[in-house]
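So that you can tell them apart, the chains are marked A, B, C, D, E, F, G and H in the order they are listed, and the count of residues begins at 1 in each.
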């Protein structure tokens, strides 16, 4: 038995849940609604859950014909089907944003984390221009097993937060900004050069990727913790 | 009591070990040997260990005058003083490289990981142009709690490895290559756009940063695991 | 007799089929429908076939008035007229894609290859995040005389495939991706820096160019092979 | 009478002190020692003071032949001649750095500020990875009339400081860092996109330019303040 | 009492007016109209004034429901509410533009400056291709306490103006231009490399930021000037 | 008497015709139709002719109300008013394009050249992929006093042409192309690095600028040539 | 039996000759002389031949101790050991350069091609600024089965040559040039955007890669050609 | 008889003087001294003059063995042999620089212009930060038939000069500057986007290219001017 399902136009990686602990997820953008629906159908039948990111309403209209129990998370641009929830994980993941405009990326993070069995603590709009807001978030972040920090413009927030806590920090640059923010490049470079050691970074606006990485870490902790 | 030690030309962050679980580390490059020696002295007196990265022999000559127990890790370009070792961590960290030329970065990763109490499993030269080498490394990586994957040129290795295992993968692009590798940009971009979900990335040649992040994750697991 | 046909606004290179073995092809984008129709008319009358790439329906509406036997390959964005097919070539060309979203580029490759007399074997969605899919494609690729490998995002697929086979590999980066993929630059750089020796590369999304190069190679083989 | 002095190979802008309130300053880099010496001689004879930035010891050796009262500020790479000091200004300028490695730029700032009549308060190594250091500097900065904030790597410091004080902040990105810091571009972009309103920015490593701008502002205040 | 107001989706920095002398301002772009209205309401209730930049008519329609005294500055893309004007400042700010096409940025500068209590002198279209226009503006600029110079394309204007006057110059690159102006990068780089010492620069099209910085400087002068 | 006309929102450089030999020309893009109309009116009243480049039909609709004798050159995107033609120049200018898609830029060149009194010889679609077309154009180009060579994609045409003739060559890169043409950057760089000595270059798609430069050269020749 | 040989610091891909038709080749740059010598020894013992590219004399001094029959190709920077020559291939490969300065890259191409069993025809200095030189090379190129075209600066040569012949063209951009050639980027982009269809491209200065690709193609032809 | 001379390693374009009016010139950089000497010998024997740019003393030492009448222009980095001077041209060329540091480029311009028969008027250090210097140069520039304007940093000088005169202006960006000047990119972009119409641009530091273009223009004028 091969580790993938042949659909002709696609080869669905149905072995991924077993190999990696979390299932394959479909990128909606650039796929035809028909193709996306077929792929999600194959995934949910194999894994009990399915997720499409960067999906539009034209995708959802077709998916819902084939999978009536799909739901559309509008702000997150995600289509979710959850028939047999994935195992709940012990640790909590903090999701911290620098500004209200980063909200769609925060939503993509939240939807992915929740589908993957994580508890989530969302702390929004704690940008360093009003540093009291940042400092006030410290204890909530410290109590989590991973923190995802979302910021555009100068991308300075992860440097400050990572300096405050012992929690591993995954930074997500966003395309929020204009001019010399270059669609998120300024934030991305700032994060890659963080003066606070140990910050790791994902692609611009890639809330999903950060959530996937956080889930891998969170699950690793769960796996290591013997149930009493 | 302030969380830092005032040296005039520097403010040593002696509170970092307590806040973050691992101590401040000094970047040698660009510092005068005298300044570096004073900073390392302050750090080792407070923390029991001290580390300088990107250090040269001109740095080491001066440091060893002040701290005779310092040792120079030549390939890693690190100065290490270890008087009171940091606590040993339970999990193991895999360090995987794409080619033999990535070796100096691998060394910086190893020195940092070991000083920070991690067990390390080094697997070198498993580039995807001879994919059997990559596949043969799978089980060793899967048995670790974190994997650091080091690659220059096309930066393709993290994508393949992350697709094979449930271990969180931290990718380190290196400046190995020429022409349109642009000093590691090609590898960096490739890793940020990995088709394997959940890869996180650090700065080009930043072996230290990857090791710091892996240590944070590994310690999180240790912290979560009740000792019997 | 000059090697080109003067249309005033254009000089059609009607000598190209003789010089290069394959005819001039028109880029639709940026041409007025009228001009494109006139150019295709000149080409088909001289060569028996004609092809426009990156064409829209506004182009096709006008072309079909002048050349009623034109057909529109929608996904490939190509207009094709084939009155006197070009000679069939002996070798087969593999067309391999990393993901379903690369499909429009795959289509441009296919349409061009078929018009130019090649047999084509299309193998879609074999991205390296599920490496079993990639490995399973090996024998089909090895049996072809050239392989065109199409990938966006991290552009890692050509490195893995070129390491597996003795077939010459032409890599096509696509603009699939977002953020730091920079419209295909990440994939392009990855391919130019492939750790697998001998990969050659064409412009982002340039399926046509890859197919033209593959046809030149395939024809070279055909020319060298004495018919029994 | 023209506003400049014709030296043949140069036209010294001796009218600048009158027009702008501060004299022309020579960039040493790229000038021959002979030319630099002649230019400085013309400037000091007209203005009573002269300054060359980015100068080397080969410059100083020649300058000191012509102007024996010249002094070489090694760390700042500046040659200074001060026969008739410029008027002292009332306000104080804060010079704040993120790390010890930014020291040469801080020195160029200090030398320029002092020559131009400013009082200077230097606060070094207050990077945001140990935020207590940054917060502890607040009152000293607030008491100054302008603040120059010098930082490399992620360039995050100006965002935090500008959020804390009512003092105008001029940010100087430095080339401190490696890999994706791209010789200071990461810090520059971060500063241009500061989430704290009103940060203005100068060129990478341009300590002199920041000091010139700060002097213009400080003098504007002095000019506006009636002496009792 | 915390320095910020918790709205759940946002943490309004109501302490900023006290800390920095000028209130927090909301970036409209990327915010939902509802969120923007709530934020402006909180700001005006605390500070007596409120400003949103980069706002659209969809924002204004909602804001005006909640805050009927809001006004929309169309060209500046600003929403302004001014119930209790901020203190008038003594100094005047010159706003100088290189061409008529820079007008929207000039407007954003003007609206911000006036709300923040500055007197404003606007001098438009004095680009250096007709240098007489530039020279004619000299005296008006010299009489101001700060000058904001707005230019796209070659960004040459700040270099010429800063060479003429003793007024501090803040340069605003605009995205006016095409081709190799790269959306304002050419002007930005030109300004960062100004041959006239002491020019400071803000982000491309960031009229608001320049006005905020100018206000900080202008207020510093006012603060330093004892009222008779 | 000043050399410019004050319109409040603009300062029209009515002295330019006298200073430079050719009048000021207005850039339509980014100007309001009203402003453009006023500027053109001022220019035509002073100079007898007026030109706006990069203009749209919304501009023309307004301009034609104020200046009924204006004409719209659609492909060139130019508005032209010509009441008192400028003096005819003796020399001829060759305008050579690499492909039919470069046509709009060629049109902008032609309209400007003709308004400025030049004779024009247009030679289209002589791209080097069919080198016979290029070689066939040699004599016509050689007989002109200046050549403007317009090309996108690889920008190779100016190198070949400049190698063939003694005519000065001004190269205009166009944004024709896709992917790694980066909106004309590939062609621009190619032209700046031309292996044929003496090629000069203007901005991407800047047909107007090339025509202005060619007119200056052509007029220089005319001026030097004594009429019999 | 695995397809690779474990050396600890390296995993030599000794199965590559069988899989790909040509052996693994070592990149000298960045490897220690000891490591390189061990790797070459393993390769020559397995394959009968071995090649290191981008090697220096410090490499060769060590290699020759271990492998006394090694030879150093100075201009090509290659170390070659050839005990049991690879099979001779039927087709010939043309190597064409734009200028004499491209010579080191031409040498790397030649050394690789000859070791891999190809006949080689080298045609140097046929840059398009003297197009007669280019045209004169046509017949020699047409008679080869593949052409490698090497050019720096404007990278225009492959476009002209590919337009002249039916031979597949592999373009090698070189770092020859200065200023806006950006170390070969101008030539690389020009080649990726070639107006002549079917040009494929390798990395800047990657003569080896082009030769490897050409060998794969040439061998494909040989394989397809029945020996009489 | 072919238009080039075959040297084996080079094909000297001895027909260029006849085709273009000025001879082929050799780029020294990257050529071996032997090769350069052979090429210069061939050129001087054919043309009576020869020029190598970007040459070093190692080149000159070898050239002078073969051609004892060669002279080395050190600052310009040029080797010149002038046995039979080229015809003197009627017009004069102005060479204008923004700062003393641009001097080596000015020298390359001067050496080329003089060898090619032009009269030269050099006006140095007229940067716009002291605009009186620029304005004072106007009449000298206006009296020339072409102006070459050399500037680094902000590259603003050509915009001001081109606005003042009717002389055609060729702009040469130099690599003078640091940080965000990016080796001359800032100046290059500024010049390409000049607000003064009709400025044409050559590669960074390409004094030779500007001089070649100016000579073509100057000769065009001479050719058109009947001698009395």
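Just so we're on the same page, contacts are C-beta pairs under 8 Å (C-beta built on N, C-alpha and C of every residue); 3 or more make two chains touch, one makes a residue touch a chain.
In this text the structure is predicted, and so the values were computed from the model without any measurement.
Shared contact partners of chain A and chain F, listed by label: C, E. Matching CA atoms, the turn from chain B to chain D amounts to 90°, rounded to the nearest 5. For the pairs F-H and B-G, the count of C-beta pairs in contact is higher at F-H.
Between the Cα centres of chain C and chain G there is a gap of 25 Å.
One simple way to say how far apart two chains are is to compare their mean CA positions; for chain B and chain C this gives 44 Å. Separating the centre of chain C from that of chain D, both taken as means of CA atoms, is a distance of 57 Å. Between the CA-based centres of chain E and chain F the separation comes to 36 Å, rounded to the whole angstrom.
Counting partner chains per residue, chain C shows two or more touched chains at residues 16, 99, 129-130, 162-164, 179-181, 185, 188, 192-193, 197, 203. Of all possible chain pairings, those that touch are A-B, A-C, A-D, A-E, B-C, B-D, B-G, C-F, C-G, D-E, D-H, E-F, E-H, F-G, F-H, G-H.
On the chain A side of its complex with chain B, the touching residues are 16, 19-22, 25, 90-91, 145-146, 162-168, 170, 188, 192-193, 197-203, 208-210, 212-213, 215-217, 219-221, 224-226. Contact residues of chain E toward chain F in the complex are 99-101, 103, 124-126, 129-130, 132-133, 136, 176, 178-181.
Of all the residues in chain A, the ones that touch chain C in their complex are 2-4, 8-11, 13, 15-16, 24, 27, 29-31, 35, 39, 54, 173, 175, 183-185, 188, 203-206.
Chain E contributes residues 98-99, 127-131, 135, 153-156, 159-160, 162-164, 177, 179-182, 185-187, 189-197 to its touches with chain H in the complex.
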